[in-house]
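In what comes next, chain A is part of two complexes: it sits with chain B in the first one and with chain C in the second one.
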Partner chain A sequence: MLSILRPQLLKTTRRFGGRWIHSCAPLLNSSVHRINTQSEVYKYSKEGPLHVKFTNEHEWLAVFGDNTAFIGITSYASEALGDATYIELPELGARYERGDLIGSVESVKSASEIYTPVTGEVIYVNKNLELKPQIINEDPMGAGWIAQIKLEDVKELEADELMSETDYESSLQDLEDSH
Partner chain B sequence: MSSRAAQRLYSTAVKLARTPLYESHVRLGGKMVPYAGFDMPVLYKDQSHIDSHNWVRSKVGLFDVSHMLQHNVSGKDSVEFLQKITPIDLNSLPIGSFSLSVLLNEQGGVIDDCIITKHGDYEYYIVTNAGCRDKDVEFIKKEAANFGDVSHSTFESTLLAIQGPKAAELLQKFTNEDLSKIYFGQAKYLKLSPFGDSPIHLARSGYTGEDGFELSIPSSSEVETKASILFFDSLIEENPDLVKPIGLAARDSLRLEAGMCLYGHELAEDITPVQASLSWLIPKSRRTPETATFNGASTILSQLKDKTLLKTRRIGLASKGPAPRDHNKIFNVDGEEIGYVTSGSPSPTLGGNVAQAYINKKAKIGELVKLEVRNKLRDATITKLPFVASNLYKP
Partner chain C sequence: MIRSVVPKLRRLPTVFVRRTHFQVPFEDDLTTVDDDDFGLAGFQLYKESPDVLRQKELLGLELRSDVASAEPVPATAAATASLSETACLRQPIIFSSKLHDPYLNLAIEDYIYNQMPLPTSEDEHNCNRLMLYVNSPCVVIGKNQNPWAETNLPLLNALGIPLVRRRSGGGTVVHDLGNVNYSFMTTKQKFDRFNFSRLITESITELCSLKVNDRGDIVDGPTGKKVSGSAYKLSKGKSYHHGTMLLSLNLDVLRRLLRRDEAKVGHVDLKSSVKSVRSPVVNIGIPIDRFIQLVSSGFALNYGVTVLPINELDEMLGLPSFAENACTTFTIDEDTPLPVEVLQTVEELKQWSWRFGHTPLFTHTFKSATHGLQVTFHIGKNARLIDFEIATETTGGATASSFDMLRLMINTHGYVEYKGSTIAGFITDDSISEWIGVSIDGTS
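After this line comes the complex of A and B, so read on.
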């Protein structure tokens, strides 16, 4: 659970018993987890995305009628990570399998890895993030998109682990409650 | 999206200790996290990590470090005792001064780092790390048992670090003592107006590379605790443009830029101070067979004498792109593994990334190396420490 909130350094912490971790991520009210309608992601199609899905690793996926999907990190994740200092993007033109590591979002204290929930070729990457990683804090569900993927198998979208906005937000509520 | 070491660090069942300032942190919007058994603020609301970091470099940050353990050591044998468990030379340390030192095990490895302050020939005040509390106390008690007249006790108080270039200007308002006459490395008991006649221990000290003070404010009674809370709260409330509370996140990035060691990262029980590039902690006066009475002296003296015994040194790394992190491997341009990172992060002061690492001594400052982050090799440059020059108040 809440794996993004754990910096990758914790093996030593355990051994030496003294290092901080991020926790107590912000409790977000609903309506935060919508694609920004003013962003190029939303405007990729006149009607906006067909549907938006979420993973329990705090990625979002905005799926369009041409069987492509934009991927990014959720507002909750962006807030919990704090100031992004570097974003590693997937390789343009590369094919990734569902579950592959495609990049990372780093803050001063931690590096969080991004895994694709769908298989396909990366047809666009958001080069703006290389110059201005803070876009991922300012507009994580819009201008802060990470990559666009051409879907190989749309059936993957029906996987149980891809959640609706409502289910994702209730999973966040559960996380908060367990703190 | 997930972090590499996906393991739960602390069970929520663990009962965390609280410092005297706990309620203030919560009220100020501190994100509280478990740290060394304490519930501690890592960041405060409305400040990002980078904001907090930069604030301390330009103004004044308040750090609650009450989780650290304070000790008093006294008695006629205290010098002999302390010079056995650490390599410090107490005879050349002036009264009213402190020095960084290390608690040494029999192999010369570092049990913990510590600050030792001399208040009299047989009166010492010591601060050790929170994360090493239990093992430090066990070690000190065991060692002290071999000495006749040594009294050792530990105590809790409000330990407040006031750090930043404007720290003296701020604190001077509360005392008749002329703070411009107290330099980095000096300490004394003095009166601060909010605490009446109660003596407050003030050290011109810190862990950020900036000028500043560490105050030990007695907090054993409810009245004392209230006074320390009021002082902390009012410093922030009355000086909103100058003073902010700062959490553990910025504390770590500030010390990293300043080239300072963090126990458990740069320092460990299987690393001697010589290996940690801290040979200056063993003064010349303690390197003779007669004076080297500290634990692990034979190992440490031979490392000092024969540098070929040391294969690696603690050094800096600078890079762009993804930040180096603890345990990342370092390779030379020929692909040979030559070291590993002990701490690393983006540098809010400098831009780019900075890291401390143990690297083969043959690698020179300025040399290009490869850093393995997420299975890819990235460029980095060996750099001298510190990354950010210290801004300490010295004569």
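After this line comes the complex of A and C, so read on.
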């Protein structure tokens, strides 16, 4: 979802010696792209998720043995977006195609869309986000999960667009370097 | 609403041009006299050697010749093209709408955004879009806002001012003919909250002193009051930054439309949803045409395509050093045939289910001393009344029982749409019914 992820978005402007300057917080250091082991996502199964995949739109997907997957936005995306003010959730019971819009995160002043990287039925949505959108900032890769999807086609998980944690983090490094 | 289907030849679009290189000899200096008397005619046929051209390409000094010939002059490309053709062009374009219908303008903006191509690595230039439009009076709320909490709905309805919900985030704004709306569209990678705000302030810096604050808002330099409200949307590969620019908006009307007297229109408790950040505002007092012209020039200067001069002689001379940043403007007016997608979006935007139904959960409480009554409505998804509580000063009695029908309707159907007239219709006491209906949205 999130875009961007250009450092500019994260800039803070402050007055310095009569000029407005921008500073950019060191982001990558603070981003850890692992599912929070204390969260209900991890504990969904005793062994934790089978694998965790990432999209270049900064969504994560935690896949479990029962062919379901939890979906959310990455720590990097959550930091770049800033304080979330409203999370639009997908419809419970609805079927979404890979690439479909399933919701959005509204933060400070932008509405950022979320797309599903897999096809399937939404079997669970994180209602907590409706009342406390800030959870997505506090624990984006745990309590801030957005929906659980029943996978229709596990082959989709092999798609090139779905990255491993290492590949995702190196893609972030490339993003940083290119700006 | 549906315009004539015959595409008309429209006036030549305005081309904003800024020379980026100094004049080199021979351009305008060459006349027939030179040709005849000084034997300079041969220069007209001069072409740089392929090696030189290749080198210039590498340095980015010249358009690749194949691209240049495929798109000879961007300015004419859109001159006779339709909106749908122009919206797909792989070059930066300014869309200037002369329409004032807020639903139409928002739908056209959405269409242009959806159609905007993403530049590929082989592309010479960006495909950014700038849309400028002025709406007739209306109140526009953000995607996830609550119209009951943000506006004085009874007053809006009494004045016949439409309440419009846009598809981007952010807070509530008031539009009228003294306000220009801009919408800057680019890729998601290039998204930046500050860039376009800065472009605007720089473009009109000769007329007024504005600043961009740390929220990315444009404010009046001396007073720090807001002159523009902006909102952003990020989708797959794309992003837009759109906003209002207060030139000569009726600020008194703005305040009245957004002022809520809780004694009359009730107290709204938002479980979640986006609250507007209220800020003092001021007009910048620039004529609309001048603002549009300056911002369009700013866009052309920053994002325009470097084109070879339209001048035939220059073309023959193949002088690349006359590069200019130019940008096509496509004007949308009453005669512009609109794509069917635009009309569909207009219908979607007008639906009650979007304008009101998209509101996140909330409760709405009304108190009346006259009736000795307090009512709290619980409104669920899709702006449906799913429950209510009443507290009366006197226990039992006629007051409470006048809500029996409403309770029955909720129990039977699961919900009642949260519209003043509908709710009022199920309240059996006439004066309570009138009061509730008027307080919800001015209908009863």
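Just so we're on the same page, the second predicted complex is superposed on the first by the 152 of 179 C-alpha atoms of A that agree within 3 Å, B and C clash if a C-alpha of one lies under 4 Å from a C-alpha of the other, contacts with A are read in each partner's own complex, and residues count from 1 in each chain.
Simple rule for what comes next: contacts are C-beta pairs under 8 Å (C-beta built on N, C-alpha and C of every residue); 3 or more make two chains touch, one makes a residue touch a chain.
All values reported here derive from a predicted model rather than from experimental measurement.
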Inset, instruction - Specify the partner with more touching residues on chain A, choosing between chain B and chain C. - result: B
Inset, instruction - Return first, second, both or neither, reflecting whether A:57 touches chain B, chain C, both chains, or no partner chain. - result: both
Inset, instruction - Could you look at A:138 and tell me whether it touches chain B, chain C, both or neither (first, second, both, neither)? - result: neither
Inset, instruction - Once the structures are superposed on A, label A:100 by its partner contacts, choosing first (chain B), second (chain C), both or neither. - result: neither
Legend entry - Partner chain in contact with A:110 - chain B first, chain C second, else both or neither: both
Inset, instruction - Using the superposition on chain A described above, determine whether A:66 touches chain B (first), chain C (second), both, or neither. - result: neither
Inset, instruction - Give one of first, second, both or neither to describe whether A:88 is in contact with chain B, with chain C, with both, or with none. - result: both
Legend entry - Which of chain B and chain C A:167 touches, first, second, both or neither: neither
Legend entry - Residues of chain A that lie at the interface with chain B and also at the interface with chain C: 3-4, 6, 8-9, 11-14, 57, 85-86, 88, 101, 104, 106-113, 115
Legend entry - Footprint of chain B on chain A - complex, ascending: 3-24, 55, 57-59, 73, 77, 82-83, 85-86, 88, 101, 104-115, 178-179
Inset, instruction - Give every residue of chain A touching chain C within the complex, in rising order. - result: 1-4, 6, 8-9, 11-14, 57, 85-86, 88, 99, 101, 104, 106-113, 115, 130-133
Legend entry - Contacting residues of chain B [partner chain A, same complex]: 1-7, 9, 12, 31-37, 40, 42-43, 48-50, 53, 129-132, 248-249, 252-253, 263-265, 268, 321-323, 325-327, 345-346, 348, 373-374
Inset, instruction - Show which residues of chain C lie in contact with chain A when the two form their complex. - result: 142-144, 167-171, 188-195, 213-216, 230-236, 239, 271-274, 360-361
